[in-house]
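In order of appearance the chains are A, B, C and D, and numbering begins at 1 in each one.
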Amino acid sequence: MITEVTHRVNFFDTDAMAVVHHANYIKWFEIGRVDFLRKNKITLTEIMADGYIFPITNVSAKYISSAHYDEVLVIKTIPTALTKAKMEFNYEIYRQCDSAVLVKGYTQNVFTHRDTGKITRLPEKYYNRLQQALN
Amino acid sequence: MITEVTHRVNFFDTDAMAVVHHANYIKWFEIGRVDFLRKNKITLTEIMADGYIFPITNVSAKYISSAHYDEVLVIKTIPTALTKAKMEFNYEIYRQCDSAVLVKGYTQNVFTHRDTGKITRLPEKYYNRLQQALN
Amino acid sequence: MITEVTHRVNFFDTDAMAVVHHANYIKWFEIGRVDFLRKNKITLTEIMADGYIFPITNVSAKYISSAHYDEVLVIKTIPTALTKAKMEFNYEIYRQCDSAVLVKGYTQNVFTHRDTGKITRLPEKYYNRLQQALN
Amino acid sequence: MITEVTHRVNFFDTDAMAVVHHANYIKWFEIGRVDFLRKNKITLTEIMADGYIFPITNVSAKYISSAHYDEVLVIKTIPTALTKAKMEFNYEIYRQCDSAVLVKGYTQNVFTHRDTGKITRLPEKYYNRLQQALN
């Protein structure tokens, strides 16, 4: 399953070069990732309530073209690995009006115990939903 | 006691009008407030560890002139009320090189119990430090 | 005309008290304001292309209750003064699921010339649209 | 030349997992990069005034351990390529009190003409300073 969610560029997302500041896309990968999980019936609130957290361990982005104020962007989220130990996603952010690809990205999360901070394996109930999400 | 702390404007603090986006100053009031408390031997980490939180209940800002990329700003923090129930501060943010006042602000925090969310009164040990901070 | 636009709380909008950091609401007032103007056929891009900018001169917020991760918020934007010299808005941000009012706010913008930085009066073509927006 | 600059973690830098949100480190790479350039007599304001901009084309980060509120971090900036066409840097962000490495990163900027958006080569006067910075 590949998901898409839109984000309209706010004035506060821009910088003095009159384009979106590059750090914002890292946040928007999160919007895509959370939306992907939500559409697959996985809410981070529920996982956290069960004592798990899911820190980001790797992120990368390749910037191809700039977004500007008020443009509507589409965040496309493509799962590449969803195991009991980690989640990996690719992203493509493109401009809705002309489909120009602006940024491509990648993130990796691992599952850890909230209390111990130790890396752990995700319980079956979440893992099953993640597996279904891959198909 | 009035405290001052500096902040150099980052590129990511600016917006497409090539000036600092106005919402950043609200964050910088927090830098001033935390710095004021730290200089008076009060760390928010310690208060939180004791089960108290201190949500903002009111904020206001008057914008007089704009700051630009790379300028060094001084955040001046002036306590106006530090009671067992709340903290109130005024702020002045001015440009270091020419002392131009850019923004004047005000915030109010109340003390609440982390677990219940109910408004509470700060224990004596913190209150005493706050009182000394006012002198 | 009163407008409403939604914003879902992102993980990156929260802070270590597990609620939305208060500075974000100031950004969300901007989302409301821009949405109000867009729905009234006024785009900031067009005004800027004509050489006008519209810096914020005053902002205030009263925080009533906290928003949490993943909650859908409604930003309600109420124009209170739209003249050739300035725009004033009130805001109410409430939680969509239970209509609880979380934050009330106010902003004032003035119109200035981009090149001179001087306060100016908005041309008739924009003013007319603003006037219609008030009705 | 390798440079170091400190950043104290603000409350607004944290998220609901009570650690620094990962997107902030991307901003802090910028603090390191700008500080590196400033210490080598290169200010972005001067380059921009000459009609050049320097968009980020690639960024990556590996997250090793979490930073918390009020910790003082050191941003270490290591130039790896400074040519007329691009700048590449590695970063290490470590906690000042115990020297624990938290994040390692990489960025690439290219130089482009502000007006045309075309990739360009940096004039000799800046290039010479960049070359000296490498030694």
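Throughout what follows, a contact is a pair of C-beta atoms (placed from the backbone, for glycine too) under 8 Å apart; a residue touches a chain by one contact, two chains touch by 3 or more.
All values derive from a computational prediction rather than experimental measurement.
J.: Could you find the chain whose CA centre sits the greatest distance from that of chain B?
T.: It is A.
J.: Could you give the separation in Å between the centres of chain B and chain C, each centre being the mean of its C-alpha atoms?
T.: Centres of chain B and chain C (C-alpha means) sit 23 Å apart.
J.: Report, in whole Å, the distance between the mean C-alpha point of chain C and the mean C-alpha point of chain D.
T.: 32
J.: Averaging only over C-alpha atoms, locate the centres of chain B and chain D and give their separation in whole Å.
T.: 27
J.: Which positions in chain D are in touch with at least two other chains?
T.: Those would be 11-12, 16, 19, 23, 27, 30, 69.
J.: Based on the touch definition given at the start, go ahead and assign the chain network to line, ring, star, complete or other.
T.: Contact map by chain: complete.
J.: Looking at the complex, which residues from chain D come into contact with chain B?
T.: Those residues of chain D that touch chain B are 10-12, 27, 30-31, 34, 38, 43-45, 69-70.
J.: Considering the complex alone, what residue numbers of chain B touch chain A?
T.: 11-12, 14-16, 18-19, 21, 23, 69
J.: Going by the contact rule set out above, which residues of chain C touch chain B in the complex?
T.: 16-17, 19, 22-24, 26-27, 30, 48, 53, 55-63, 66, 114
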